[in-house]
Amino acid sequence: MHFAHLALRELVTRLLEEDVGYGDITTLAIVPPQARGHGRLLAKEDLVLAGLEVALAVFQTVDHTSRLDCATADGVLLSAGSVIAEIHGSAQGLLTAERVALNLLQRLSGVATATRRYVDAVRHTQARIIDTRKTTPGLRLLEKYAIRVGGGHNHRFGLGDGVLIKDNHIAIAGGISTAVSLARQAVSHLQKIEVEVEDFTQLQEALTAGADAILLDNMTPEQTREAVRLVRKAPGGEHILLESSGGITLHTAHLYAEAGVDLISVGALTHSAPAVDISLEMTAED
Amino acid sequence: MHFAHLALRELVTRLLEEDVGYGDITTLAIVPPQARGHGRLLAKEDLVLAGLEVALAVFQTVDHTSRLDCATADGVLLSAGSVIAEIHGSAQGLLTAERVALNLLQRLSGVATATRRYVDAVRHTQARIIDTRKTTPGLRLLEKYAIRVGGGHNHRFGLGDGVLIKDNHIAIAGGISTAVSLARQAVSHLQKIEVEVEDFTQLQEALTAGADAILLDNMTPEQTREAVRLVRKAPGGEHILLESSGGITLHTAHLYAEAGVDLISVGALTHSAPAVDISLEMTAED
Amino acid sequence: MHFAHLALRELVTRLLEEDVGYGDITTLAIVPPQARGHGRLLAKEDLVLAGLEVALAVFQTVDHTSRLDCATADGVLLSAGSVIAEIHGSAQGLLTAERVALNLLQRLSGVATATRRYVDAVRHTQARIIDTRKTTPGLRLLEKYAIRVGGGHNHRFGLGDGVLIKDNHIAIAGGISTAVSLARQAVSHLQKIEVEVEDFTQLQEALTAGADAILLDNMTPEQTREAVRLVRKAPGGEHILLESSGGITLHTAHLYAEAGVDLISVGALTHSAPAVDISLEMTAED
Amino acid sequence: MHFAHLALRELVTRLLEEDVGYGDITTLAIVPPQARGHGRLLAKEDLVLAGLEVALAVFQTVDHTSRLDCATADGVLLSAGSVIAEIHGSAQGLLTAERVALNLLQRLSGVATATRRYVDAVRHTQARIIDTRKTTPGLRLLEKYAIRVGGGHNHRFGLGDGVLIKDNHIAIAGGISTAVSLARQAVSHLQKIEVEVEDFTQLQEALTAGADAILLDNMTPEQTREAVRLVRKAPGGEHILLESSGGITLHTAHLYAEAGVDLISVGALTHSAPAVDISLEMTAED
Amino acid sequence: MHFAHLALRELVTRLLEEDVGYGDITTLAIVPPQARGHGRLLAKEDLVLAGLEVALAVFQTVDHTSRLDCATADGVLLSAGSVIAEIHGSAQGLLTAERVALNLLQRLSGVATATRRYVDAVRHTQARIIDTRKTTPGLRLLEKYAIRVGGGHNHRFGLGDGVLIKDNHIAIAGGISTAVSLARQAVSHLQKIEVEVEDFTQLQEALTAGADAILLDNMTPEQTREAVRLVRKAPGGEHILLESSGGITLHTAHLYAEAGVDLISVGALTHSAPAVDISLEMTAED
Amino acid sequence: MHFAHLALRELVTRLLEEDVGYGDITTLAIVPPQARGHGRLLAKEDLVLAGLEVALAVFQTVDHTSRLDCATADGVLLSAGSVIAEIHGSAQGLLTAERVALNLLQRLSGVATATRRYVDAVRHTQARIIDTRKTTPGLRLLEKYAIRVGGGHNHRFGLGDGVLIKDNHIAIAGGISTAVSLARQAVSHLQKIEVEVEDFTQLQEALTAGADAILLDNMTPEQTREAVRLVRKAPGGEHILLESSGGITLHTAHLYAEAGVDLISVGALTHSAPAVDISLEMTAED
């Protein structure tokens, strides 16, 4: 995205400052400033690539003459051994930027790879795989991007761009109906109101309160199927979005999707997707 | 640490801005500003706690009247179900701060918990478990802290406070001996020089070059044992620090430790320690 | 709001830096540091007050010992001559902070006062008065707050928290139907889709495309009445939100409201509401 | 100006962040990244243009490939319907940048247009129209620029670059004479000392105290004429600058100018100049 | 000063970050967090003290519980061996803050001490000792403060708050007369116009052009005396401020002052005043 | 260095803001924006040049079209009258940037020049001249660079990248042995441990404790010679680095070097090296 380019540069600069500190003293001592380097980014396992533009920003922030010749693109499923890109730049720059670039690329590709697996698991249904706010602190926009690259969709970006009424809100408001009505009154007309419910009593209250979306928290696939049936037959129920959440794994996701919900949110896509293995093989240029 | 307090506040503010954006529109709509809240942080699985001060900073940044009554402390091994702390503050503040506080606490405790397991695995030896630079971008200082809380030690904080000569440095310098000599000439007298070696030829060169520390990369436990023997019998070799690195798991760590190295570095401690499960149960106060 | 407090301090600091520069050289030369001052904020015309907390932040940023004893509150309609608050603090601090505090208070109260007039004009209907993105650059959150204080509601806060499909989007997409479908596919399920239409052909297309809200741009009250009729009788049309926009004045607002729209957006509330007159009468304390 | 370019970029980035937030979700969903756009900035009413460079900075911050072909320049009086500039760039970029660019251009041109009217009203005299510190918080440098574009002059930029002794300073100092003397002693020799007076007694005191400039606050044109006479006949009085201020309108400005003052300051130029109407008509390029 | 307090905290934080980096690893390793410390700031040579508030800000930024009991105040001439202040705080905090606090205190007191010597050298005349823009980059406001503490006065704070027309301006303008006239037309009426002249021809031109102040650059005391005579006898010449500058030393300053100039500017006060010796003797508290 | 480029731009921008403030009002008034300028940087005394890249960054930050044609390079010993570089750019830009560029260039070349003198004084020995943390607050990285340009070496960059145990640490720890052991336990294995000693008892303790480096504080050359003898004959003593510090001047440095220490640290290199004289002679271009 256009404007995000600036935000990306700022983030990358901060992350480089974190790693580089007073300067890359090893490289400065050993590598002559005029030496040119060449590197090759390699997938060391099967993965869905995400973050090429981010990696490029890291290399170019350190050395604005560095160039990335991409052999592939974000979103592509690569098999182990595939070349991702060739990098040319100053040898000092490549060495100094390497770790930060890899840390980001491995993490984002990890998120995209995990997302793709969930998306594949429910591809025979209408359900969307969506993310949560359980993202790595400081990397939300990038991880939300990786989710999309993996074929998933984004839930709200933060507390400021979507309404989700949870148990504590309900308790303080004194009921779902009051909570929905307070939210409807206060927020922009462009916002839908989603309510998290834990049982069928709450589900019925959410329906009555006129929720636009309902999050079925920690239900079994069977309960979910029953909840879907209940909602769809209610007046206007066909327009209410239903989201399943809570402890859903790669193995159970399809059961929820087949139960008929519109959305399945998976915190593990961001809070515990393992980084995939990507390496940078470097050689000095003649 | 004293000064770090300021850096912590700045980081926490940035992470809150990421999550809160234009404001917590749900909470602002539903929860009256004067309502007080009470919460209880609970360990939902066995874990080594890390990050209480960080969580407190999150709550207090949102609501400076919030108070954390800790039932335990960083570094303690808690069993599932243990109460970590009680929180009191404005209900709006608790709700708005919750996710960022938990995201951090779960991740840092995850790192500490993983570290403790490795430390326990080599406790019968002299070896230190140490971290790498494969940390979550933006959270390095916090994760390095969690490593220490878990009983591990820190490798260098970044490229600026330690010398580690790797394959690419060696290739560009034209040999280990030149690389070590260039580094020794350029860097502060307070820095030791560590060289990464991949085989016994390089190991011998590093010894000859006078390296202060040697990283044995991707060696088997048997190769490691042989390398230790070789180094220790060399003149001055008893003062050379030996580090094992590369694909070491919780199950193999003890083999390297028993082989006699001083340090075992494990990237997985930070790049793929799963977040542990911690919840915040909230109730409105009367 | 809790977290916004920090953002407010940061904004206020920036605005003070803009005005104070190298220091208030007049005050520093003439007023002894230990002198205490007392001031009285007075409404010099009838107005709806907005921004007391902001003004307090300005005074306290300059002099953290300053104290504001409020005689009234945001949202109250004050008549000319009313005392708004008494301020006590260092005389230097009051003098240095005065202009920035007044600039903000006068502008925000100006927005709230204008909003209240529009709200009163449509009070006998169901229509909400809402704002636009034509806010003062840099003061959007504060002006959106003043809109609410005046009894209005907020449209989206920016491009990131709401979907509004305009003529250029439609032209590039090649039609309303495609545009709505692309948006529905890409954005979070919590976002409604609003489409701006200029005539009845577009209105019909928006209905067919399944827009959640429709902005009737630059229509006459009569056209608006007809548009409302058309939408309400369409299947599901009673749930579609209708917004009037474009050249609506204090004198014509009620005609649109009576025509049956849900929302009337008025750019003039922020881009040309005149600042109201508020003064600070100061006296040195004995 | 050269250095201001950097400050401008920083300001524009902040204002874009305010509007764009998590990203322009509508445009990102509908407009393909590679689509090019073309826009035409049009004056919708008679106006004095101010802010072309600012608008350009907005478009280029969002999309550095965007280009502005200007048909006119800042300071030119345009009639309704005139083309201001043609813009070429990515369609996404134009759409995302549009609102912030227009908000700034309309406001600054509004200030320049209002200023030009006052300047024209006193053109037959020696009086300068000058601004005040009642500027839009955060936009002072830009509005001061628009004042100059409109033919006006700037008063001090802030509290740090000019001395203006007001009633409260006088009260605390215990008299004009002491206040002037304290200021003269403390501030740089390059600063003139201006004193605000409300009546002829104070005027006489300011003369005696050796003020370099005197602000005649809230006087009638007749009182002003008398004050001018009094000052000019005092020894050295021909070198004292006289400024009229307080409630002066477009209709009364000439009376003060004709009374012989050197400067007429008008807060309304910035605190309540209405934004002028400028539109951006966009078309996708083939 | 009130507002400057904030700027001071920001500066001090930046300077601490520069020195502390990843943390004071020595102190953290050795000193227990709960240990309290006590320190005594001592003048190790005769000096004029400047910067106590700055030093306090350093200690309190590191450890907000630290307390400074001052035995004296800024501006006081201390003899070698005098106690400046007693500090109490955490032992970690005192050790971490020490160097930054001393670096600042020694430098600022160095400036004040040098200034006092020059001021004493011309005390029998009317001449003011003033500073230049040859300050330590980043410390201008603090050094300008130290100048005042030493009894000197400040020239302009920067390029934005005073007009000084130099040889290059004159060359580009095509003469002093045009340059003065352009400046008078463009800048605020509160700004005096100072012209730098190198000989008597230029001096005459500056007089004719109506300069408010004239800087006599690199003249001998005799030339200066002649220049003063020439200016004072010109019409209105008694009000023109005369400044001597260029290679004036502690030994020659009085000659210029006795020649009758109003101001003597000395770059060496800031660009080469040696730091004075101040030490911090610390003891752990029981 | 690559990444440092960014940090340099940020620093330079801050320093320009400090000097330029609201804008270079003199230059803006007098010099037309389109005028081109040409300048020549001249050494006005014998000096070792340091900071060309910094000066270039200043000019280019103000005017990105400015160009520096260097006649020499950092580290070269120039005689008075030598041309350093020719500058071409906008006349406004050159004038606005001049003072900040010169302030930095003069100061850094001052540090390099002083360093070179010390380095020359000990050139016949093995001793390194090293710096301290007594640098100009805010300019540490630049001054550490100037030290290297002058032929010196750097001590640690800050408290975070090196361990130096001083008297207060020893006192709190209860002895050198405990202090060294605590540090060895806590810090990274890549850090050597240096201990500051004041007499031979402490020296013996440091030896026993296994310090990697020992700082001999305030010893005479004779004591130093004895200390060297003592250390070298201790087991492993030939590998212990010895540093002399405290009141060492250009005249005594060689005595310490000849006594056999490895390192001589000199605070005066940064805290009181006088700025060297460099001028910028400018001419407008035709």
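Think of it as A, B, C, D, E and F in the order they're written, each chain with its own count starting at 1.
The rule is simple: contacts are C-beta pairs under 8 Å (C-beta built on N, C-alpha and C of every residue); 3 or more make two chains touch, one makes a residue touch a chain.
No experiment lies behind these values; they were computed from the predicted model shown.
Contact with chain C and chain F alike is made by A, B, D, E. Listed by label, the chains touching chain C and chain E alike are A, B, D, F.
Over half of the residue numbers at the interface between copies chain C and chain D are found on both sides, making the touching surfaces mostly the same. Relative to chain E, the most remote chain by averaged C-alpha coordinates is A.
Centres computed as Cα averages put chain A at a distance of 23 Å from chain B. Rounded to whole angstrom, the centroid-to-centroid distance between chain A and chain C, based on C-alpha atoms, equals 33 Å.
Residue positions of chain E touching 2 or more other chains: 20-24, 28, 96, 141, 157-158, 160-164, 191.
Shown here, the protein chains touch in all possible pairs. Chain C makes touch with chain A in their complex at residues 128, 130, 153-157, 160-164, 188-192, 194, 212-213, 236, 239, 241, 243, 262-263.
Across the complex, chain E meets chain F through its residues 14-15, 18-32, 35, 37, 91, 95-96, 99-100, 103-104, 106-107, 133-141, 157-166, 168-169, 171-173, 179, 182-183, 185-187, 191, 271-272, 274-275, 282-284. Interface of chain C with chain B (complex): residues 1-4, 6-7, 141, 157-158, 160-161. Of all the residues in chain A, the ones that touch chain E in their complex are 21-22. Listed in rising order, the residues of chain C touching chain E in the complex are 13, 16-17, 20-24, 28, 61-63, 90, 92-93, 96.
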